[in-house]
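Could you have a look at this structure, given as structure tokens, before my questions?
Letters A, B, C and D mark the chains as written, and numbering starts fresh at 1 in each.
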Amino acid sequence: MRAVVSLVVVLLLLWLAVWTVVARDAFLAVAGFIAYGLLLSLVWVRLYGIDVALTEAAIGGGLTGALLLGAVGRLRGTEAAARSERPGVGTRVLAMALSLGVTAALVLCVLALPEPGPTLAPQVARELPATGVGNPITGVLLAFRALDTLLEAIVLVIALIGVWSLAPDRFWGGRPGMRHHADPDGVLAYFARVLPPIGIVVGVYLLWAGADHPGGKFQSATILAAMWMLVQMAGLADAPAVGNRLLRAGIVAGPLVFVAVGLLGLWTAGYFLGYPQGWAKPMIVAIEVALLPTLVLVLALLMSGAPARSAER
Amino acid sequence: MTAETLIALVACALVGIGLYGLIVQPHPLRKLVAFNVMGSGVFVIFGALARRGAAAGMPADPVPQALLITAIVVAFAATAMTVALLLRLIESTGSASLAAEPPAADGEAR
Amino acid sequence: MSFALDLFSVVAVSGGALFYLAGTVGLLRFPDAYTRLHALTKADNVGMALVVIGLMPQVGGVLAGLKLVLVWLLVVFSSAAVSQLIARTARRRDART
Amino acid sequence: MPGRWKSGDAMADFLLWMAGFVVLMVALGLVRVARGPNRAERMMAAQLLGTGATGALLLFGAATGEAAVVDVALTLALLSAFASIGFVKFAVRQDQPPEDGEEAG
């Protein structure tokens, strides 16, 4: 009985994936991709990955969707030219064969998986009490595999530097994207005034809940970044100039605190990112709180793109 | 067949569909969307593996799930980076073509 | 008591699903943007409201129930704002032709 | 919040079916998006997807018994509202010549 519902959901997922690939124009493909992201968060719930579902709902459906929509809007005119470059039948058949081959290989791998599946859950369950947090995912992200999370934070900052470095020389240090305008008494401006306070409460709640329940800094930061972007899209605030020193300090603050905590561990616990006995939870919370502003700034600025006008209004 | 096996098999197909779009669609933005579909297929396979690792009272293995969160965020960063590259490409060449020789019709290529 | 609550849930959630159905049928069958928008917002407001009301007895406590209401309020608020913006886009288009 | 939903098995089955139904309705609605014919219809996509997915998620969460799914629905409601504005801005931009900048509601 229940399998039928799962079947409906995954078949729709497949249909949407095909849609995004074969859709007539880029807008339809992106709209399909947003729907795909929303459906994917249902699949994550089905796989008991509530934390993952939260991240997917926030990033897959929301941020990536808005980013791609913005790109489609600025790419009009290039689509017709691209259509003339459509590969011939031969290439398409070859691509189809290759895709089927890859799928078949993956299917064989999935069917050959050992039973029962290998797992690290018992180890996590055994060591989790020592960290003082109740959510095993937070435990993995900030205690057992904290190095991964540190590197990820650094990767995000590097990606942002990469995006900024695409700015034309004359706009270096300027503001990204174009200035949005909207009627200050209109519906959009009203919407962008009411929603962010609610979003901020929900975002901070998710950060706070992340210690013991699904949630955490990534999901929280995504919501906060989306709220900031909303204010910008409604023309209520301008994007910050990327040359702003305060902004740059905020961007590197999170990773720096993370590294500092790691070095402190070297001194107190004997290894990098070690937490001294009984101090794990406060340190985890400190890292989460310090990373939050960094993540908000990085995610929002990644969405905004490269500087495209000078810092003056 | 368990639900997670079903989902894993569908995810294999998602990877294939994404790969096909990545090769066949000429417009870079369409390639990017297809690539994201492909990536999410990989994520879902990984998530199904996590679900198979349910043990010790946990409904799924938390280690792969934590890595998935990291992966989704990094995938967003990569997508944003690609979009920025693409917009820059159009700004400097006036065309979104990835062909080695842009079509002659695009006279305004600088 | 529990049976009555379950029955209530079933009725309310079914009603909500019916509104989702109506919304989709309207979206597919109605002739122009304004009427389609009308159908769509019924799914948002009433369909979602009935689902939320129906789930109310099924959640653990008052706090979870409040969160459900917050979800509904958010959906209704964004639906109200976005449908305004959609209708304006449609009207601008109609004014031009 | 902590704890699980207290619904029984038959109830969970019913809610799951309803979740599947709502997902199906959303999918059917997407046909309108593909058919268009105008931007307004396409923008309705965002709206439909947001509410549909949020409703399905609530039902799905109630059925699987994970209380934290409400948080996912909350996130989804917020972010799909954000994506809707993305759709609106997109449509408004398409309505105007590019050098005009943007103007909305």
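Keep this in mind: a residue touches a chain if its C-beta (ideal position, glycine included) is under 8 Å from a C-beta of that chain, and two chains touch if they have at least 3 such contacts.
This is a predicted model, so every value here is computed, not measured.
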Furthest chain, CA centroid comparison against chain C: B
Result of counting contacting C-beta pairs for A-C and C-D, higher pair: C-D
CA centroid of chain C to CA centroid of chain D, Å: 10
Rounded Å distance between chain A and chain C, as computed from the means of their C-alpha atoms: 28
Centroid spacing, where centroids are CA-atom means, of chain A and chain D in whole angstrom: 18
Interface hub residues of chain B, defined as touching at least two other chains: none
Overlap residues in chain C, where contacts from two or more other chains coincide: 70, 74, 77-78, 81, 84-85, 88
Shared-contact residues (touching 2 or more other chains) in chain A: 2, 46, 48, 63, 70, 72, 187-188, 191, 195, 198
Interchain contacts (touch definition) - all pairs: A-B, A-C, A-D, C-D
Chain C to chain D touching residues, read off their complex: 6, 9-10, 13-14, 16-17, 20-21, 23-24, 27-28, 33, 36-37, 40-41, 43-44, 47-48, 51-52, 55, 58-61, 63-64, 67-68, 70-71, 74-75, 77-79, 81-90, 92-93
Parts of chain A lying in touch with chain C, wherever the complex brings them together: 187-188, 190-191, 194-195, 198
Footprint of chain B on chain A - complex, ascending: 2-3, 6-7, 10, 13-14, 17-18, 20-22, 26, 29-30, 33, 36-37, 40, 43-44, 46-49, 51-52, 55-56, 59-60, 63-64, 67-68, 70-72, 74-75, 78-79, 81-87, 91-92, 95-96, 98-100, 102-103, 106-107, 110-111, 113, 116-122, 124-126, 136-137, 139-141, 144-145, 148-149, 152, 155-156, 159-160, 162-163, 166, 168, 216, 218, 298-299, 302-303, 305-306
In the complex with chain A, residue positions of chain B that touch it: 1, 3-21, 23-30, 32-34, 36-37, 40-41, 44-45, 47-63, 65-70, 72-74, 76-81, 83-88, 90-91, 95-97, 99, 103, 105-106
Residues of chain D touching chain A in the complex: 1-2, 13, 16-17, 19-20, 23-24, 26-27, 30, 33-34, 42, 45-46, 49-50, 52-53, 56-57, 60-61, 64, 66, 68-69, 71-72, 74-76, 78-83, 85-90, 93-94, 101-105
